[in-house]
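Some structures to go through are shown next.
Across the two complexes that follow, chain A remains constant while its partner is chain B and subsequently chain C.
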Partner chain A sequence: MVEASEPRPGILSTHGISKSFGELRAVDDVSIEIADGEFFTIVGPSGSGKSTLVRILAGLDRPDSGNILLRGEDITATPANARPTCMVFQSLALFTHRTVGENIEFSQKMKGVARDARREHALRMMEVVRLPREYYARPVTQCSGGEQQRVALARALASDPEILFFDEPLSAIDYRLRKILEVEMKDLHRRTGKTFIYITHSLEEAMVMSDRIAIMRSGTLIQTGTPHEIYRRPESRFVAEFMGEVNIFTVADGRLAELGIAAAQIEAPYLVVRPEYLRPAGNGDADFRFRAEVTNDYMLGSRTQFHLDAGGTSLVAELPALAAAGIAPGDVGEWGFDRADAVPLAD
Partner chain B sequence: MTGSNNSALRVLRSMWLLVVLLLLYVPIASVVLASLANTRYMRFPHRVWSLDAYAQALGTYTTANLHLTSLSIAVAVVIVSVIIASFGALAFARYDWAGRKLFRRLVLLPVFFPQPVLGLALLLYLTALGIVPDWKTAAFAHIVWVVPIVTLVISIRLYHYDVAQEEAAFDLGATRLQVFREITLPALAPGIVSGALFAFLLSWSNLPISVFTSGADTTLPEWLYSRTATNYSPLVPAVAVIGTAASAAIVLLAAALRPVFTRKR
Partner chain C sequence: MTSLPVALLLAAGFLAPIAIVAIYSIMPARTFVLTGSVTPENYVAAFTEGYWRPLMWSVSGALLTTILCLLLAWPTAKALKSLEGYRATFVTILIALPIFISESVRLFGFSLFLMPAGGILAGTMDAAFDVSIGSILNTRTAALLGMVYVHFPFVLFPLLLGLSQIPEEQREAARDLGASNWQLMREIDAPLAAPGALIGALFCFVLALGANAEMRILGGQSVTVITHAIEQRFNYAQDWPMGAALTMLVIAITALLVLPVFRRIDIDRLIRR
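On to the complex of A and B.
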């Protein structure tokens, strides 16, 4: 997964693109380099500008400034219908008055491909997304949510784009099916070898599928890296918190000292420790140790989450089921974490 | 509920349906019957059954002229109102602008205006502009009244229209024109057919607005009204029956053509 060995050639790059709606800078000076065949995910909270950015990349909107290069060629002014890219919309935007086959064949029909060739191509695409042949003549309105998802994918693939954009295509789908489709999406990416640029507000989803993740906040990309890097080395509290529950120690406020941690050893103003790195340290084997009382426990399936009270500071720890056995609310004891697992943050 | 209760209900329901149908069709039937008389007095049963009135109606220049006037107005109303209403409905479906709700109410206001008041208002307006009323001004007046209704009819059919479909089509390589032909028009088509039928029938049968705004030209309903009031003869119901048949034929033709317009491509 972390093979930095053979650098892949770039396919899409942006240089300082911005777009404003009135006073609001929805996309603010975004520059990215995306490699050929990469699964690149942009994650951010609602309203951070993800859709605005991807619409600009797809050619559906024009940026106010900056430019977009496709294999080194400036395509900033090229409209969507002339770009070798295709987008899967959040609403899927299937053509509701048509059949599955007609939806998938649309791009070919626009190119003037003959009916038989179109049909053959559509059936091949249906095979790629694992949609049974019988669905060819069915109206799209009679397909289930998951099937419509596949129709949208097949329709996008049928136009043979170099880059596929996805704007939260799974957000309206229930949890179980979403998990299945996430895996299929990743599988599809591998099989087609195309560049996928994916948008979601779920970092969990991004982690599962992506080669690289960019975190977006208020119109800017604040951190870009592999899922591993984003998870292990968040560069800001925003990224750390976006990743789920974390323990953030403010170095300056003296709490660390109260916990018995020598603040002098840490130069950054904040220290972030993920719940799974906090562990009972009764035998004194952790770099940093403090006393805490277990206030609550929550069963999360394979892991158990504990809420701790360390002299007034609330902390969260997560232990695998085996290690969690025997720890109950009310227990007071030594807890700790290692230096290597704590991430110092500037803001 | 018991079985006998059920069947009693069913009988009651059938009778109710019968009454409604009678109420609807007896007046039409009686117009047909009246047209088959040869006297100036409405009386039944006729002493002499005759088709003279029809011969007279078809023979006179007036009948053709009345139909032509009403038809010209109706066709103009259909064309103009469908075009305006389609754009209006699309604007509603496509753009979520401030004041959209208010506009939706305002655009419907003329519907709630009493028609004679609207007719009078438009006549005053036209006179103020120095325009001499004729069938064209009547068509304009009908349009003012009909456009909101047709907009509503088309909007209802567009209610579940996802405008992202147009972007998706564009993104899949369609030109603007192809997007319109392949996506927008098929979505609009059923509404356009219904809206056109509404526009036609509302204009064809309108009296209160025409009275004020048609000037020297006479529409079919106007003529029927004035001849019934002052100079009645079986010619009047005969012309009415011909007019009904003409509009029914047009509506049936449109209904038959509907699958052609709304067919899947």
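On to the complex of A and C.
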């Protein structure tokens, strides 16, 4: 039997990385261990320091303190052009005065690879990112957003880096194309087997693609884990609230303060319940039950979201289409959730 | 309709004089009428009677000035770009300020500085260090120095504009993809700043081609430039048709250079951001 849980060897690790801009501590004592071949995503709101962190990892900025190890070797002082890593920028930073082919070949040209071999290599990379061959001689400025995205990917891959960094490359792209590219990115990661370190402000995007996610806030990583762990076991209200809407209850004197119902054996000061775990409980089968009025319903496609008013407290619930049938604004009834689906939080 | 006054002004102040000069250039030598019989003799004389020498001096002087200005402006522009806030403003003002002072006044100042024995440079060296130095005043070198000094800002500022429009992320991406400093300049900076550099070089060349004060004040007439030859034809020799023919030649050389450049560069793109 293959030991699936055997840890992969580490490729990149940081120890106490910090960087300040004036008074602002953009990155504050960050230590990470990233495994070889991992899709690691750093998620945080704007201003959390995630871009600064990835710039430091890519060698575009120097940290004030701390060090970075690549396969155990200290690369803190190694400049970007000497690191076996490559970054895909938010703006993509394509060379606008060059063609698609010239962009992709850039790293090879810098190494002095002959023209024919470069072209060969570029065409192979274009195949990897599914860009038609006839784009080779086209100016990048004549490519669409999605095509430019692929050119940027191919250009980064062509340098054959050990680690690829992505600084929110999909944030400027419309929703539909973004969804397609997210899947392609994950697929590309699997096919190339390279380590991807990805920055985004969208936890939803991170969930789709990542092996592991780190949540960043005010320069520090506040929780690191698999998408499942981040979603099901947030360690703080910040993390819980980051992934869409949640219901947060305050626990006081053994009761859920907002609902006024007993909450025995819950030690933590807060209890978080995801919208999909709130459900109608008319038959009394839920661990926690309360009366609520449906104030609004929103069709989300396969699910329907309901806004509830439970004695003055606004709650949000999501039900699959089948279960949602027949529930309409104005309905008053028993709702509830189970103990196992609620996450106690310390802060 | 709003452009009509401008069109009239251009017609009266620019096209009409050129038309008059063009007609004069094909009139018989030393005549003062625009209605004589048409003749190519002035153009023939321009190439047979030794006028090609001043023309060559002007063209080569303008070329050399342009090249030297570009070579100086590149590192200056890079340095200015890396300076921050008030320091950049301060240096920029230092470079731009002389433009507001009459060129002749500046050149005479330069001349005082370079004068032999009692000049500012030679005199100071003599008085302070007891060192006697010669003077380059009244040589072609002094004239070239003056040309570079006067025309430098016209190259620097367009180049600075061109450089400042290079997205920093493209430079970072190039570096990240393994470019060395030299490769970064060759692959990214130079091609992306080229429109600015070209505009600056054009300003410089056209102005330098028509320059004559530098040669008069600093060069001591060690050579005759074409503008000086033209001036002589019109004033001293009273041969307007010959002067007009030389003028047309200079205009033709300028147009030959300017038009292809303007066709290649999108000025709107350079000026807006």
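Keep in mind that, in the parts below, the second predicted complex is superposed on the first by the 335 of 347 C-alpha atoms of A that agree within 3 Å, B and C clash if a C-alpha of one lies under 4 Å from a C-alpha of the other, contacts with A are read in each partner's own complex, and residues count from 1 in each chain.
Definition applied: a residue touches a chain if its C-beta (ideal position, glycine included) is under 8 Å from a C-beta of that chain, and two chains touch if they have at least 3 such contacts.
Keep in mind the model is a prediction, meaning the values are calculated, not measured.
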Worksheet entry | Superposition on chain A - do chain B and chain C clash or fit | clash
Item to complete: Mind working out whether A:His189 is in touch with chain B, chain C, both or neither, as first, second, both or neither?
Response: neither
Practice prompt. Go through the superposed model and pick first if A:Cys86 touches only chain B, second if only chain C, both, or neither.
Written response: both
Fill in: Touched partner set for A:Ser107, first chain B, second chain C, both or neither
both
Discussion item. For A:Ala58 in the superposed arrangement: first (chain B), second (chain C), both or neither?
Written reply: both
Discussion item. Touch test for A:Arg212: chain B only (first), chain C only (second), both, or neither?
Written reply: neither
Worksheet, complete the sentence: In chain A, both chain B and chain C touch residues 58-60, 79-81, 85-87, 89, 91, 93-97, 106-107, 110-111, 155, 159
Discussion item. Residue numbers of chain C touching chain A in their complex, please.
Written reply: 167, 169-170, 172-180, 183, 187-188, 191-192
Discussion item. Please output the residues of chain A touching chain C within their complex, sorted ascending.
Written reply: 58-60, 79-81, 85-87, 89, 91, 93-97, 106-107, 109-111, 155, 159
Worksheet item: Mind pulling up the chain A residues that touch chain B in the complex?
Response: 58-60, 79-82, 85-87, 89, 91, 93-99, 102, 106-107, 110-111, 155-156, 159
Worksheet entry | Touching residues (chain side chain B, partner chain A) in the complex | 160, 162, 164-165, 167-175, 178, 182-183, 186-187, 264-265
